[in-house]
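Once you scroll down, you'll see the structures, which are given as C-alpha cells.
Two complexes, one shared chain (chain A), two partners (chain B, chain C).
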Partner chain A sequence: MVLVSAARDYVNRMLQDISGMKVLILDSQTVSIVSVVYSQSELLQKEVFLVELVDSISKSKESMSHLKAVYFLRPTLENIQHLRRQLANPRFGESHLFFSNMLKDTQIHILADSDEQEVVQQVQEYYADFVAIDPYHFTLNIPSNHMYMLPAVVDPPGLQQFCDRIVDGISTVFLALKRRPVIRYQRTSDIAKRIAQETSKLMYQQESGLFDFRRTEISPLLLIVDRRDDPVTPLLNQWTYQAMVHELIGIHDNKVDLSSTGKLPKDQQEVVLSSEQDAFFKANMYENFGDIGMSIKRMVDDFQQVAKSNQNIQTIEDMAKFVDSYPEYRKMHGNVSKHVTLVTEMSKIVGERRLMLISEREQDLACNGGQVAAFEAVTNLLNNESVSDIDRLHLVMLYALRYEKESPVQLMQLFNKLASQSPKYKPGLVQFLLKQAGVDKRTGDLYGNRDLLNIARNMARGLKGVENVYTQHQPLLFQTMESIIKGRLRDVDYPFVGNHFQQGRPQDVVIFIVGGTTYEESRSVALQNASNSGTRFILGGSVVLNSKRFLKDLEEAQRIAKYSTNVV
Partner chain B sequence: MTSSTTTTTKYRDRTAEFHSITQTLKKIGGIAPVHQNKSYQANNSSPSKPLLSYTTRSEFNKKASLIGSGVHETSQKISRLAQCNQIATKWCSSWEPIKCLMMPGAFIWALPSIKPSEFALLVTGFHFQSFELEMGSNALQQLALDLRRRPAVDNTPSQHMEMSMLQQVNPRQENYTESRAVALHNVESTISELGGIFTHLATMVVEQGELAIRSGFFLGYLLSACFI
Partner chain C sequence: MATRNRTLIFRKYRDALKSVRVPTSSSPSTSSVGGVGGGGPVIELASTSLLNPNRKYAPLSTEDPGAFTVGLPPAWVDVSEEIAANVQRARMKMVELAKAHAKALMPSFGDGKEDQRTIEGLTQEITGLLRKSEKQLKRLAAAGPSEDSNVRKNVQRSLATDLQNLSMELRKKQSTYLKRLRQQNEGQDGDDLEMNLNGGRSIIDDDNLDDMVFNEHQMAKLKKSEAFTVEREREIQQASKCSWPFVVESVNELAQIMKDLSVLVIDQGTIVDRIDYNIQNVATTVEEGLKQLQKAERTQKRGGMVMCATVLVIMCAVMLILLILKTILF
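For the complex of A and B:
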C-alpha cells in the first residue's frame, strides 16, 4: 500500500483544505502521477470541476474568478515560465501552488516577483514525483529512456537531464516515506554509480536538513542497478495477467489502449487496469493465463446470475430493488466485458503468433543449459514460416546472451539466418546487445551457473521438475532480493556510496532499475512482500518495459552510438 | 490507513518565504512614491498641513475607488447569478434554488424605500468577497449622509482628479471637496445601478416562484391522475 497511499495522501491534502469549486492544473508528468492514484469521480467529490494542462490553460483568456486554481507541477523551467505568465494575468480567483519536488530559491523569487496581484495563497512542496502504478512498484515514465545505454565518455546532451529526473524521483520516494537510506549500486554500471553518487550528494550534503528524520531504526537500503544486468527478463513472453497484457497489448499509466483491435464501442477503447480500483484485477493480476480463463468464466457465470434475476421483475418492490442496484450492475457489466475483451484479444494473439511453441523455447533458453539442443531448436524455429520476425529476433537474442562464448561459429550462423529471413531486422542489433549486456558487462549471476551453490540449486530444481514450463523463469531480481534478505549481497559487486554503511538487516529496500522495470519483476517483488520475510521491497524504474520498448531503446541507442563513433 | 499515512509523508511549506519575498519586492517598488512626496514637500512653502491633507485625500480616493470596483464586481456577479438561475430553473423543477433566492429577494424589495442609515447597514451586511472593507459602519453612515448632502458636480473619474490635483497645488481646499463629491457621486450611481439590478432580480425570482408553484401543482395533479 505504501507508494499508492503516500501519493493519494498528497493529493488528498492538496484538495481538502481548499473549499469551493476548484480547477486542478497539471503538467504532462503530474497528470500521470495523479491519474494512477485518483479517479475522476474522486476528484469530483473534492469539488474539482476541471482538470487542465498547464500549457493548454494559457491559451485561453476567459476569466473564471469563481474557480480556485490548484496547481500541481514539477518545478521545471517551462512550468515556472508558464506560471509566471499566468500569475501576471490571473484567470482564477485564487492560486494555490503545489510542487512535486524541491523548489530552487531563484524559482520562488521569480514566482514572487510575478505575483503582483497577490493571487497566490500558498506555496508548498508535496513530494510525489513518482508514478505509483502499484503499491510496491513505481515508474518515472522518462521518454528518453535509451540514454542509459550510451557510453558516459561521450557525455551526450540530455544525459544529465536523464540522471536528474531519476535522482528527483528516487529522493521524493524517500521523502514520502520519511526515511534516509544507505545507498549501494552495481559496480559495473557507470550510470548506476553516477545516479547513486548524485542521490547521496543530495541526501547527505545539499539537502541534509530535509532528509534528517532523526530516526533511530536501521536505515533502509537503496540499491541502484542497471537494466543491462538482466537483459533476459524484458525479452521473454509473459504468461501472468498484468505482464501479459503489457507484453501483448501495452499498459500505460494503468490504462490499456484497445483502439487498435477495432470493432469496440467508444467507451471501451481505453480501459483502466488498476489493482486499486478493480477487485477482480487485484485478485488475478499475478495469476497465469490458464487460471485467469477459469476466473473469468466464474465471473461471467456470477454476472449471468445477477442479470437473470434482474430480468425477473414483477412487483413494484422488484422494480425499486433493480433501480437501487442498477449502478452496481452497470459497473459489474463494464468490468466483465473489459476482462473478457482483454483475454479474448490476448488468446487471439497467442494463436496467431504461435506463442505457446515459442515461449516454451524461450523459457528453455533462459533457464536450462544444453547448447547443442538449443541451437537446433532455434534453427528450426527460424526456418518455420509461421514464426513472426519479432519472435525470431527474441530467440536469437536469448540464444546469443546465453551461448555468447561457447560456439561463436554457430552464433554467426544464426545471425546470418536471421538477417536473410527477417527483412526488417537491423543488422548488428544482436551484436550491439552483446556489447551492451554481454557476460563481461554483467555483475549478477544471470544464468545461475557461475558458482557452485547456484549450480547445485539449479540441479535440485531440475530434479524436482517445474510446475509450469511457461512461467519457470525467475528474474535476476529474485536472487538479488534473496541475497539482501540473507545479508549476502557482496560489497565488492554492490559497493556503498560514501561512509554510510548498513547496520543490520534493512526493513525497507528500494531497488531502482536504471533502464526500466518489467511487470514480471514487479510480480516477483509483490510475491516476496506477501511472504512476510520481514523485509519490504519497493521496485522502481525509469519506465515499465515490454520487449517492444526494450528493443526500441536498444535500436535508438545503437543509432546514436553509430552516429557518435562516426563523428569521432 | 489514510490517517496513519497523514503523519508519515513529508512536505515543506514555503508560503511564508514566498510572501516575505513579495513584501520585500513591494517595499522596493514603494520607494518611488515616497521620493515624489519629498520633492513635493521641498517645493511647497507651508509643507506640513497640505501634505497631510494630500495623503488623507489620496487614501480617501483609494477607498472610494475600492468601494466602486467592489460594487461593480458584485453587480457583475449578480447578473451572472441571474443568468445561471434562469438556466437552472429551465431544467430543474426542484424547489431548493428558488427557496434560497426568495430570502434575498424579499430583502431587496424593500430597497427603494430604505433610509440612508439603514442603507449603510445594508452595505456593510453585504459581503464584498473580492476586497476587504476597512471602513467601519460609522464611516459608512457618514458616507451615506454625505451622499445626500452633496450635489453631483462632475463625472470625471477620481483617478483623473488625483492627477490634476497634483499639478494645481493652490486651490487645494476646493479641489478636495470637489473630488470628494465626484467620488461619492460615482459610488452613488453604482449603488443605484445595483438597486436596479436587485429589483430586476427580485421580479425574476417571483416569476420563477410562480412557475414552480404551477409546475408543482401540475405534478401533483398528474400523480393523482395516475394512481386513480
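For the complex of A and C:
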C-alpha cells in the first residue's frame, strides 16, 4: 500500500485546500503518475471538472476564469517554457503550481519573471515522481531505456538524462517514505555504480537538508542492480495471471489494450487491471493459469445465478430489489466480461504459439542442467514448423546464456540455423546479448552453479520434483532478497557507496533494477512481503519489461552500437 | 510525506522583478482575459492565499472579497448551483424522513395516521426534488465542442452520481420502513393471540375453535383480540392501499431516474474512470461532435419537410386570394 497511498496522499493534499471548480493540468509523465492512483470519479468529487495536458492547453484561446488551475508537472525545461507562456496570458482565475521534483532556483526565477498578472498563489514541491503500479512496485516509464546497455562514450547527454531521471525517481520514493537510505550497488555494472553515486551525492550533499529525516536505528537499504545480471527472467514465458497478461498482450500503467485482438464490444477494447480497484484481480494476480481458469468459472457461475434471479421478476418487490441492486449488477457484469475476455485471448495465443510445449523447454533451460539434452531439444524445436520466429529466438538466447562456454561448435550451429530460418532476425543479436550479459559480466549466481551450496540445493530440488513445471523458475531477485534478509549480501559483489555502512539487517529495502523489472519479479517481492519476514521490499525499475520490450531495447542498443563503431 | 514550499522564494523574486520592471502596465491586460459571460472584467490583485472552508460548488467570482476575480462565470454555473442546492435540500429532508420513519415504527397509542401523512409528504417532496434536479441536469448538457463542454459534462457527471446515490438511499429507506412496518404488525398479532391462548388450552386450528371449552372471561378476551386483529389488518390494508400505488409510482419514477442517470454516471474501476483515457478521448469526441453537428445542420437546411410546408402554405394563400376575387367579381 505504501507507494500507492503516498502518491494518493500527495494528490489529495493538492486538491483539498483549494475550493471551487478546478482544472487539473498535467504533463505526459504526471498523467501516468496520477492515473494509476486516482480515478476520474474521485477527481469529480474533489470538484476537478477538467483535466488537460499542459502542451495542449496552450493552444486553446478560451478564457475560463471561473476555474482555478492546479498544475502538477515535472520540473523540466519544456514544462517551464509552457508555464511561462501560460502565466503571461493567464486563462484561469488562479494558478497553483505543484512540481513532482526539486526546482532549481533559476527555474523559480523564470516563473516569477513571467507571472506579471500575479495569478500564482502557491509553488510547492510534492515528491511523487514515480508511477506506483502496485503497492510494492513502481516504474518510471523511461522511453530511452536501451541507454543502459551502451557505453558512456556513445551518447553522454542522453545517458546523463537517463541517469538523472532515475535519480529523480528514486529520490522521490525516499522523500515520500521520509527516509534516507544506505546505498549499495552491483559491482560489475558501471551504470549502477554511477546512479548509486549520483543518488548518494544528491541525498547526502546537495540536498542534505531536505533528506535530513529522523534517524532510525537501522537505515533502509537502497540496492541498485543491473538488468543484465539476470537476462533470463524477461525472456521466459509467464504463467501467472498478471505476468502472463503483460507477456502475451501487454499492460501499460495498469491498462490493457485489446483493440488489436479485434471484434470486441466497444467497452472491452481497453480494460483496467489494477489490484487496488478489482478485488478478483487482487486475489488472483499471482495465481497460475490453471487456477485462474477455475476461479473465473466460479465467478461466472455466481454471476449467472445473480443474472437469473434478476430475470425472474414477478412482483413489484422483485422489481424494487432489482432497481436497488442494479449498479452492483452492472459492475459485476463488467468485471466478469473483462476477465473472461482476457483469459480467452490468452488461451488463444497459447494455442496458436504452442506455448505449453515451448515453455516447458524454456523452463528446463533456465532451471535444469544437461547440455546435450538441451541442445537436442532446442534443435528439435527449431526444426518444428509451428514454432514462431520469436519463440525460436527466445530458445536460442536462453540456450546461449546457459551453455555459453560449453561446446561452442553446437552454439554456432544454432546461430546459423536461426539466421537461416527467421528472415526478420537481426544477425548478431544473440551474440550482442552474450556480450552484454554473458557469464563474465554477471555477478549473481544465475544458474546456481557457482558454489557448492547452490549446486547441492539444485540437485535436491531436482530429486524432489517440482509442483508445476511451468512456474519452477525463481528470478535471481529472489536469491538476492534472501541474502539481504539473512544479512549475507556479499560486500565484494555489492559494495557500499563511499563510506556508507550498515550494521544489522535492514527493515526497509528498495531494489532498483536499471533496465527494467518484470512482473515475475514483482510477484516474487509481493509474496516475500506477505511472508512477514520482518523486512519490507519495494521493487522499482526504469520500465516494466516483457520479452518484446527487452528484445526491442536489445535491438536498439545493437543498432546504435554498430552505428557508433562505424562512425568512430 | 515530505513536501517543500517554494512560495516565499517565488514571491520574493516576483516582487523584486516587479519593482525592476518599467511600469508600462498601463496597457490593459484585461483585454486578454475578458470573461465569457460578458460583464465588466474586474481585476483585484491580492497576495493573500485562499484557504476558505470547504464549500461545495462555490464559483470564484461571487464569493470571496479579496479574491482574484476576472470576469463572470458562464450562465450554466448557475444551473449547476441550483441543482447542488436541491441536492442539499433533498439530503436534509432525508434526515427528517429517517426520523419520521423511526417515530412511526415506535409502538404508540395513537392511530399513526399523522405519521403516515408526514412520511408520505416527505417522500413525495424528496422524489419531486430529485425529479426536478434530473430535468435540470439535462439542461446542463452542452452543444458544440469546446473545453467548456468538457467541464459541463464533468459537472453533469458529478451531480448525476450524487443524484443516483440519493435515489438509492431513498429506495432503501422506503423498503426497510415498509418491511419493518409489516413485520411489526404481524408480530403484534402473533403476540396478542399467543398471549390470550396461553390462558386457555393449547393452540388448535380455527376449525376446532368452536369446540373448545372456554370460560366466558376467556371468550371475551379472545373476541377482543380477534376484533383488534381484524382492525389492524384493515389498517395495514388501508395503509398499503393508499401507500401501495404510491410506492409503485415512486418505484417507477425512481427507476426512470436511475436509468437516465446511469448513462451519465461513471462505473468505478472501468476504463472510463481513468484520467488518461478521458484526456485522450476528449480530443476525439470533440472532433466527432463537431462533425455530427455540421451534418445535422446540413440535413436540416436541406429538409424536404420544410419545402413541402412552404409550398402548401403558398398554395393555400393563392387559393384564398382566388376565392376572394371570385366573390368580389361575381
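Basically, the second predicted complex is superposed on the first by the 563 of 568 C-alpha atoms of A that agree within 3 Å, B and C clash if a C-alpha of one lies under 4 Å from a C-alpha of the other, contacts with A are read in each partner's own complex, and residues count from 1 in each chain.
Following the convention adopted for this analysis, a residue touches a chain if its C-beta (ideal position, glycine included) is under 8 Å from a C-beta of that chain, and two chains touch if they have at least 3 such contacts.
Note that this is a predicted model, so its numbers are computed, not measured.
In the three-chain model built by superposing on chain A, chain B clashes with chain C. Look at A:Ala526: by the touch rule set out above, it reaches neither chain B nor chain C.
Looking at the shared chain after the overlay, A:Pro90 reaches chain C, while chain B stays out of its contact range.
Of the two partner chains placed by superposition, A:Ala69 touches none, neither chain B nor chain C. Look at A:Tyr10: by the touch rule set out above, it reaches both chain B and chain C. By the touch criterion defined above, A:Gln40 lies against chain C but remains apart from chain B after alignment on the C-alpha atoms of chain A. Using the contact criterion defined above for the overlaid structures, shared-chain residue A:Asn335 touches chain C, although it does not reach chain B. The larger set of touched chain A residues comes from C, when the choice is between chain B and chain C.
Judged by the touch definition given at the top, the superposed model places A:Gln122 against both chain B and chain C. By the touch criterion defined above, A:Ala176 reaches both chain B and chain C.
When the two complexes are laid over each other on chain A, chain A has residues 6, 9-10, 13, 65, 102-103, 108-109, 111-113, 115, 118, 120-127, 175-176, 178, 210, 213 in contact with both chain B and chain C.
Residue ranges on chain B touching chain A, taken from their complex, read 1-2, 5-6, 8-15, 17-19, 21-22, 25, 130. Contacts from chain C toward chain A in the complex involve residues 1-7, 9-11, 13-14, 17-18, 21, 25, 29, 32-36, 45, 47, 49-61, 67-74, 77, 146-148, 150-151, 154-155, 157-158, 161, 164, 168, 171-172, 175, 247-248, 251, 254-255, 258, 262, 266-279, 283.
Contact residues of chain A toward chain C in the complex are 6, 9-10, 13, 16-21, 23, 26, 31-32, 34-35, 38-41, 43-45, 47-53, 56, 60, 62-68, 89-91, 93-94, 102-103, 105, 108-109, 111-113, 115-127, 175-176, 178, 210, 213, 253, 255, 267, 270-272, 274, 277-278, 316, 319-320, 323-324, 326-327, 330-331, 334-335. Against chain B, the residues of chain A that register as touching in their complex are 1, 5-6, 8-10, 12-13, 65, 102-103, 108-109, 111-113, 115, 118, 120-127, 175-178, 210, 213.
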